[in-house]
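To start, the structure under review is shown below, and the notes come after it.
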């Protein structure tokens, strides 16, 4: 396959993370993008030493970030840095002329006060103002043409896609919504901790972040944007003994009477033509979307509540796949390229 | 350790099932109970051939059920038969003079019409009428002195213990309650099926029984008994890639204002003195109760909802351990014997 | 990406198996191959109903095999049928003019007497005579130009690649070789059985096929072909609680003195230029080759024995990936196409 | 159950480790032993805070070790400290009059030079001289009456029990023996590391300690003691994605001709009367011995080699269970007490 001379040149910043590794995997298969620069804060060295699965497949170094080098080598950066570090770095990349898809939370929460309650003092409100929330199925028009895309959190992706049709059409009340999720352990990142140590995590499942998880306000923000008015919801994550995937179960109260058939039809219409969101006729399973950019959604009505299940791969549609989808959009490539 | 001459003689009926095996394990450690008779429908033969983990530990045969033999050998039967078969067998055991703890659903649902909607035509309404629901922490007084105990379902055990204090004291509304559970795979039994085939189930999690799971009405029945009025709730089970355990997350709406501290105090008081229900100060994990008869419960208030988490081992507190707890009660032994 | 008018048209026969599903996944990413026909013995219907992970990605039916339809639609068939059924079907496909890569054991064992000892009476000795054993790194020249390729077994792939350099160069004795392997559970196929039921298989590992596993003689055949004289080895498989991957550990006795450095150099030279065989500098892990067509090999000398470790994905390099590699070779495409 | 006035008073030193936790679990069920003192280096505090599974079951503190307090409270110490720290502490405990079962490697290797090659300079050769290697099935007579027992390593337990009958009776050559083992992850201890981080370890299996694992010389020492002459063997460990258990596969060359039936008979005779070693008629599985002190062994002959499989729980027969077995022996209690 002859490579296009007009290949997009892509840098991955923070490439030694799980989302960095997943981004590399996806870009290796992308026909119009070329990896040109990989950086890491720690774990520098040959990519195949950091990630043995790349042996023989990628002959590049992970090196400390140099903005000038970045500017000379890349058109777009996938920034996999953690929050706080991201908002210290992104302004420099933008100033150097790159387009940026940022994986951290730093540009997701539009209300800096909300951000600061859950994270840190915000040090880049200027770019926050024009950053676009990168959930293409809901905000595609804003993403095209953006210079800075805030790639959504993993939980917010699964939850927002599950709830959007209901909220957009006013089918359910905007209060009292419950979002109950179970994530695989890779969502916790690469750093070993007692809670994710194999002998503790295997044969286990437990809730965490009770009442305080940072993705709660992000989900509320998206839900409110879609509903056009404030939405209040309760988000409760759990972690289970698998590597990848998020299963989300949402419970909400309909504003009027509605049947399972009606809600199914609503979802089919809402997501018609969306490649990566599949409204399925049976409850989803995370294994059905593993290693893919797809989200499977099954909506129904049970005992007077609207119950919607969604399944995604937290590292793909919940992170790197969606980032490439956003990258495609802001670079003028077909949205699904490299992701099918 | 010299054995008491007045050891209780126990039969396990349907001993080749997972609950049968777990019952055997528990009774092997019970200081006042002696296994005297093991039966199986299929998988007859030496116990150590059916369950290699019993090699060198139990020299007994699993044999087809003979009621006369049962009557001559045992004082009490743990009946691990599936529903329908159970209600065909239990009357004979009772008629032969045995006390019975039955693991099936056949004697759990007091309203035969509800039972028949979810299961089969009920063929033993006579014994159904005097069967006692065997959740000792809630119905201890009725259990002592019973001849037939309906051992609770695994999900209903975790859900009922999580919700009882709220409902008993009218803290939450009796409608709109959500019970979201994730069970380990052993809850699906010993029979291999595509859904529980390792390459499908591993690295997977999915909902099932959407809107139709048989444990829903059982949970509602217990909740209503505790509340003293009809309770309506939505029960949604999921299955995850682990052998044992059920994590239940309940969401309900308080009738008045209540704080996390108040709800915690309520639970501590309600379960004060209960050995097997531990109100914990952090969210529970199923690994903390694996292979034990304990239930860990953590209640709190999040965004105006009362959220309660409970964790049990589905095969112990959710089945065989609770059955032995019930056996102890109906046989006049200390309730916790053999279970600590 | 414009599709070549001369795309290879590929049929998958027995497409509802795990190897069928994996073949579909690989071919969906193959730039010069087009899936034109899918058959199944059972589990017919829309591909996305049989494999929910294909929802939105493949709009084809799995249908019963019709040889005439096959002949009109495809140039090459990947035949994922089980042994015996395969040798009843392959002759018809060859007669209809197709090239065939066969996944079963039916055309792997050159000595029909050996085959018949481990399998069935052989009913297609004619095609057996000209079938080529499809391990490209060892037998590439014979594969190019073949009409019928016998795709190697999963264990034989990992074992043969681990042992070949030693045997080719007479570094180790041709007797007393031990091949100790651990496979993931998908190697056992899609059919649910008690041994692979999740609650039995999880948290478990056990040997099987002691002294009788059918892959033993296949490994010996390849080893003997490479060595140029009869090789006798002991193959012992085990199965562990993971979906995918085979880790093989071989132990053999050197004919003369040799160091770890020398054996490492030997392997690096032997596999120089081979894309899919990577000689690594640290012991391999099956996760490093999951979902890829790569084999990682680490050779060393310990206490006077040559110890070689290899890791493959049993469904990719051990089945469908290698089949596509063979398909590329017999169809005149670049060998690595669609597999990187 | 009334407690015997002559209960053995037991201290667990280093109680916050996995082996400490397992020792606590076993002793809670022991009818003649009473936990009187728990110490920890870090993770001090209430036992139920360190190990939530002990909530409601053990009301004791884990506290820093005080030798005087230990001497006043306990008759025997299970010392779960790591090597080096153990040999600094054990002399003080012995001097204070306690009997000690030590879990570390410090008193296992009789030849201090070998110890020092794999570990540290040995600082307590005096006690090393009279320490007894605590594998009761092989060295019971020496253990009874010992003051200091070196509890065997987990791999050496499984390997030694697998090989002992062959070596004792000169059935196999004393050179060229291969010991291939796969352990569960708890064998690596409680400290989180990248190699045992869930997203790395799950769906994975890999070799480690190639040529340098410290249990190699320990296995050789035991094998040589049993054989009565030097034995040389190659020990290769692997780690797989399960919590508990070690499956060991040994390969050795018979000195003369021997059949599977003969070797089976040899093992049955050798282990006749041993409660915890079961010679089984089918290959073992680690799940069959999980959470038990049993070792399942299956010996056979394949292609001229004697192949022996053994399965143990690395934390029970491979650590804490065997320690209690040793404790029983040195304290004059029935050997199997608390372990059945």
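A, B, C and D label the chains in the order they appear, each numbered from 1.
What we mean here is this: a contact is a pair of C-beta atoms (placed from the backbone, for glycine too) under 8 Å apart; a residue touches a chain by one contact, two chains touch by 3 or more.
These numbers come from a predicted model, not from an experiment.
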Open item on the list: If I compare contact pairs by residue number, which of B-D, A-D or A-B overlaps with B-C on over half of them?
Closed with: A-D
Open item on the list: I want to compare two interfaces, A-C and C-D. Which one has more contacting C-beta pairs?
Closed with: C-D
Open item on the list: If I average the CA coordinates per chain, which chain comes out farthest from chain B?
Closed with: C
Task: Gap in Å, rounded to a whole number, between the CA centres of chain D and chain C - done: 40
Open item on the list: On a C-alpha centroid basis, what's the spacing between chain A and chain C, in Å?
Closed with: 36
Open item on the list: Using the touch definition from the top, which residues of chain B touch two or more other chains?
Closed with: 184, 202-203, 241-243, 284-285, 287, 290
Open item on the list: Building nodes from the protein chains and edges from chain pairs that touch, which of line, ring, star, complete or other describes the result?
Closed with: complete
Task: chain C - residues contacting chain D, complex - done: 176, 178, 180, 182, 184, 200, 202-208, 210-211, 232-234, 236, 238, 240-245, 247, 249, 251, 253, 283-287, 290, 298, 300, 302-303, 305, 307, 309, 311
Task: chain D residues touching chain B - in the complex, by the definition given at the top - done: 1, 28-29, 31, 52-53, 55-57, 202-203, 275-276, 278, 280, 282, 284-285, 287-292, 294, 296, 340
Task: chain C - residues contacting chain B, complex - done: 18, 184-186, 188, 190-194, 196-199, 201-203, 241-243
